[in-house]
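See structure below.
Going by the order they are written in, the chains are A, B, C, D and E; count residues from 1 in each one.
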Amino acid sequence: MTMLELEDIETFYGQSQVLFGMSLSIKEGEVVTLMGRNGMGKTTTIRSIMGLTPARGGRITFRGQDITALPAYRIAKAGIGLVPEGRRISPNLSVEENLIATASKGTSGNGKWTLQSVYQLFPRLQERQTSMGNQLSGGEQQMLAIARALMTNPELLILDEATEGLAPLIRQEIWACLTRLKKDGQSILVIDKNIKALSEIADCHYIVEKGRIVWTGNSVSLAANSKIKHRYLGV
Amino acid sequence: MDGLLLLEQVLNGFQLGLLLFLLAAGLTLVFGIMDMVNLAHGSLYMMGAYFCATFTGWTGSFLVGALLTIPAVFLLGVIVEMIALRNLYARDHLDQVLATFGLILFFNETTRLIWGPIGLSIPLPEFLSSTVEIIPGAPYPVFRLAIILMGLLVAGLLYFIVARTRLGMLIRAGASNREMIGALGINIRLLFTLVFGLGAALAGLAGLMAGPILSVEIGMGEGILILTLVVIVIGGIGSIKGAFIAAIVVGLIDTVGRSFLPEILKLVLSDDSASTAAPAISSMLIYLLMALVLAIRPQGLFPPKGVGK
Amino acid sequence: MSSPDLLIIDKLVKRYDGLLATDDLSFSLREGELHAIIGPNGAGKTTLIKQLTGEIASDAGAIHFDGRPIRRLSEPARSHIGIARSFQITSLFPDFTVLENVMLAVQAHQGHSFRFWRATGKEERLIEPARALLDDMGMEDSADHLVAALSHGEQRQLEIAVALATKPKLLLLDEPMAGMSSEDSGHLVEILRRLKSRYSILLIEHDMDAVFSLADRITVLVYGRAIATGTPDEIRDNEEVRRAYLGEEA
Amino acid sequence: MTLLSPRVLINAALLLLLAALPFLTDMMGDSYYTGVTSRVLILAIAATSLNLLIGYGGMVSFGHAAYLGLGAYIVGIGAFHAIEDGIDWMLNGYYQLAATLILSALVALVIGAISLRTRGVYFIMITMAFAQMLYFTAVGIETYGGDDGLTIYSRSDMLGLIDLNDEKSLYYLIFFSFLAVLYLMHRLVGSRFGAVIRGSKSNEARMRAIGFSPYKYRLTAFIIAGTITGYAGFLMANLNDFVSPSMMHWTRSGDLIIMIVLGGIGNLFGPLYGTIAFMALEELLSSIPLTIGGLNVGEYWQIIFGPLLILVVLYARNGIDSFLPGTRERAK
Amino acid sequence: ADPVKIGFVTTLSTGAGAIGQDMRNAVDLAVEHLGGNMGGRPVEVIYEDDAFKPAVGKQKTDELVKKDKVDFVAGYIWSHVLMASYKSAVDNGTFLISSNAGPSALAGKLCNKDFFSTSWQNDTTPEAMGEVLNQRGVKKLYIMAPNYAAGKNMVTGVERTFKGKIVGKDMTKFPAQLDFSAELAKVRAAKPDALFVFYPGKHGAQFLTQYSQSGLADSVPLYTTFTVDSISLPRIGKMAEGSLMTLFWSPDLDNPANKKFVTDFKKKYGHYPSHYGAQSYDTIMLINSAVEKVQGDLSNHDAVRAALKEADFNSIRGDFKFGNNHIPIQNFYLRQVVKDADGNYTTKIVSTVYKDHQDSYAKDCKMN
């Protein structure tokens, strides 16, 4: 069953168009990646899905419901959890407050992510429990952003550069965690430059170039296609 | 300076401080926590007083009037927020100052249009307009005791809400991080509207408490607004605790300063120059206090955690 | 071939409430070397940079730069003796053009700015060095663009250009690759390789490919302490570093 | 930027109109407008200097009217002692001017030195506090009329160089002063000093990291703006023949801010447009010849003015400037 | 014929607009009583709003003088607005008639041949009050007034004539003191025989409310000037009932002109006129008397001035005559707040304190 479907999305910042007919789809339980160089529109795609920069053209459906024109909070409530680019931690809340302020049991109401379980995932956060958001190091903020999204117990988890600025060890832990999540049937949309790690867990990759999807396929065909990798990802 | 008089003046200062706090609470909530400079807070305070006077007139009872006033001002706040202010949260303070200054003009003149220029009065019921003798030889108005009580009540309640509840966290988070909190599933627009309404209701409460003693008239909000701004700046913008302490300090300094400054100045100046200098200095006292506090602590006495550096 | 030490840090301490962000830290940086600092998140790397630039005060210890103690110097004063930094989170003048960003940094090091009359737009003494620097960084095409309109990668590059414009002896770079695509970070590695010969650089980075290919020496920070210092190979093989930071990577 | 863009033409036309104004009013036989325009231009001088702080430097000073009062009181006090006590030299305009400039600069130095340690709303409030202290000082000084103010029976004596009692001479003194201030601002903002001021508004942390100490530059800008406004006060006293504490009240400082926002902040001509618009609105709205249900609409003009301010803030963020043709000059 | 043009500057907007409105009502009534005519010429009154700001008042005066070219400028509630506007009028040779403000400067040193007043000099009313206190045997007096020019004038006035001891004096913050509890506590502690206050306009209501709540009313009787007036009485009458004040006029003053004024005013506007209105009514009547005297020919400035100075008209205060400084020489009465037959609050005259009283600054006026 399709979880999220984008059809011909067009998005603008003011007058300047950034997405030119972006289409992609994510099935339930799938891990999908969005790849591409800087400034190609990956984050913008996410912002359109979340209703933060609503699409002016095209249609977005989430679990059968049209969410194109819904306000962000309704989309989040419908079951999408976001780890945004740039962390966006609340500076004047403590770590724990950041986690519980927006926590939710999820749409099914039996969410399994709780304070205990995210602290288990990121012990460093528990150590910094009472620190204010603006006192955290860059990496600690990143962990908090991920934990915060998990605490909403989403149907679909979106990670936009979620491993940026994290120590290698933590990065590995996050990949391991995503692998576990996938095993539990969590649907995930992920943006990251770490192709190797992505290839191991993703079912499907989309490559974005100038606001469009230019290539799509699974890890095997991506690995085989070094021309594509070089041309669109610069590796 | 005899001891009983000093005691009475301290009580007076405490009461003025708590009245200021009633007003400062709503202001600091909207100002500090939602990061919105709302100069029209004084106007909402005025509306509280006018509504209460009107409702008291209709119903013949101050208590009923007061109970009707609070939801009415809440509603007014919500309407104002929806029409004029909700698009200003993301703007800089200058824009907010200007727009809400526009609101002050609008409210003052509309009030004059509706209620006329003369002002109203709020008659108090018998039991509130009497006095009790808590300090021997100095009967104290019961209504002023009621103000003290109300101030303490609001302080406790607000502190609890903002520091302890999830609602409080969301309000604090929303200011710095509006978009993100929305993307995490919170209807921030509604939340802000409600919080603004809460701020308005607090202003209205202050107005209906102040109305019976400070008189109800056009422009009553401006003078006290400045005083209130001074209070929240001294206390550290956005800090309920800071507003509370600063309000009481300002109330005490103002009252005690006013009553004993001439005597104190006479110790160093001639009688004549002391009595001319005293009123001028006492007018400046709270500004001096603010300048002093900010010169030493540029963020006020109790800047809330996690804002700025 | 060990050159003299440009920067010596001795028993430096920074305390936040109960937390020791920098804990009796000592190490030195040699003239002309690229010294990388790595360590888990929250180890105190950014804090160290802030202490070096003077943005925050240290609680104890000493910092010697170019042979003189600098712990008591203000942030601008340290910039004037040759310490420059880039920010972990991009920090530029968004409503200025790229050229103006660099010009301002150039201006900061040409004596005082109490000059009220001449238009900076006509001052060759500012424009010339700024353009030269942009050419050097390969950014000449975007010189007249507003910073706000640049892509993330270009902004990160400009961060470094602005720092270089102050003609520093020591360059402190806080995660310059963060958020860059592989292509752009590859490009930046090239630039740093070129700069390496001309400046002494302290590099903080979680991108291990970059660190291992650029660094002359690496110091590993954990909980505010240096647990190891050595060449890239030594660090790669250090069991403790693997456990605390690297994991299977590298 | 082309030299003769429509925007430049409009600005030039406005200046020309102002240059010719006394003769135009002569032709209409109505010298009232010369006086009104003099007032507008004096306020525009004050607003332009405030724009250096707010528009270019991000320092929202809410006490700027204090300097207006300061300059005006120097003239008033000079005239007072010259007439009451026969101290003739106190009427000398050059002494008065020197005293005005020195005193405003000193006061700005003191206020700025303390206030500039704070940021944002704290800065707004502390500058207002200092201005209020000056206001209450003026209210408290009985010799100079206290709250009633001081009537100035003799304008500054410029020793024959220029006769301030002559309406036209005074007008041109004001007009050329305004032009000078405008040009000064233009140079200042584009200079190295201006770059530091603008940079400190844009990103203070970065300024410090590249080696600037913004404080002393900000303080200098604060003193420059205060001194210019003090000079405007000197002119205002000579125009009004009167000075009172109400000139320094915080609401007057608010008016100055409204003027520059109406005109478009961080823009050379903005304050002039804003001042004109502010004064014109006040005049036009308050004389709306409309009576509804026995109520004279003009007397309730603030019911219109208030929401108008809100509309400007909401929909015309650069004030009048956003209605002028051509693109806005970027806050240089 | 061309109309006689009168500019009338008062405060119509802001909270103080109530006073201006009362003055305008009285002026309209006066013009109506004159049948819209003065000396055979129609009358045109141009009202301007000073918005309670000196700068605005000055500009409006300029506009009236230079643009509208009025023959007389009148009105002015506030001393500071009058002081700011004063030169604009007299320097241009336009007659200026104050309908309320009475700063000491204009009565003394700075008096001017083209300046007239139909009200009083600030000090005189409290001087009468000082006299009243003497008559009533008050030995220990406590004084409260706001700390600004008029407040200081009032205090000076009382101190000049009061013979007992002043046991306490508080000059409170101006413009806005919110709370008087500290001062009232001091009053209680000082145990005076009487309390004299001056709190004009809105401060009056505020003071009275707090005074009555403090319970002081039983022990320390209250004497006021310009604190309670017909504008505020409907609102604060209950608290002010019985309190005593001095003034040159009262609605019940017994003379034909006043009867007509008060009756017609009440008929037209439904409430008592205030002294502001009474003074404004007199302003128009004064101008009318001068215009009649010169038969509508205003071209001879000196003749008009002489005619004004004669003040040959039926004033609401009975006889009207100017002192050498063009300020009225007049009676002062002690008045008390009472309820009239219809249950409305008003004041009634208790006694005459002064007959033909002149202000003490007149001697400084070098004009003759």
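Going forward, contacts are C-beta pairs under 8 Å (C-beta built on N, C-alpha and C of every residue); 3 or more make two chains touch, one makes a residue touch a chain.
What you are looking at is a predicted structure, and each value in this text was computed from that prediction instead of being measured.
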- prompt: Counting one step per pair of touching chains, how few steps separate chain D from chain E?
  reply: 1
Statement: Relative to chain C, largest Cα-centroid distance belongs to chain E
- request: Average the CA atoms of each chain to get its centre, and name the chain whose centre is farthest from that of chain A.
  value: E
Message: I want to compare two interfaces, A-B and B-E. Which one has more contacting C-beta pairs?
response: B-E
- request: State, to the nearest whole Å, the distance from the C-alpha centre of chain C to the C-alpha centre of chain D.
  value: 45
Euclidean distance of C-alpha centroids - chain B vs chain C, Å: 48
Message: Suppose each chain is reduced to the average of its Cα coordinates; what separation in Å results between chain A and chain C?
response: 30
- request: Find the geometric centre of each of chain C and chain E from their Cα atoms only, then give the gap between the two centres in Å, rounded to an integer.
  value: 75
- line: Contacts with two or more other chains occur in chain C at residues none
Message: If I count partner chains per residue in chain D, which residues reach a count of at least 2?
response: 139-140, 142, 300, 302
- prompt: Can you list the residues of chain B that touch 2 or more other chains?
  reply: 108-109, 112, 279-280, 283
- request: Sort out which chains touch which and give me every pair.
  value: A-B, A-C, B-D, B-E, C-D, D-E
Statement: Interface with chain D, chain C side, in the complex: residues 53, 55, 74-76, 79-80, 84-85, 87, 91-96, 100, 103-105, 107-109, 113-121, 123, 126, 162-163, 165-166
Message: Taking the touch rule as given, give the residues of chain D at its contact with chain E in the complex, in rising order.
response: 30-32, 35-36, 39, 139-140, 142, 145-151, 153, 240-242, 244, 246-247, 286, 298-302
- line: Touching chain B in the complex, chain E uses residues 13-18, 21, 147, 169-176, 178-179, 181-183, 185-186, 188-189, 202, 205-206, 209-210, 213-215, 231-232, 234-236
- request: Spell out the residues on chain B that touch chain D in their complex, using ranges where they run on.
  value: 31, 37, 84, 87-88, 91, 93-95, 97-99, 101-110, 112-113, 226, 229-230, 233, 237, 276-277, 279-280, 283-284, 287-288, 290-291, 294-295, 298-300, 308
Task: Please give the residue numbers of chain D that touch chain B in the complex, ascending.
output: 54, 60, 114-115, 117-122, 124-126, 128-130, 132-133, 136-137, 139-140, 142, 250, 254, 257-258, 261, 265, 295, 300, 302-303, 305-310, 312-314, 317
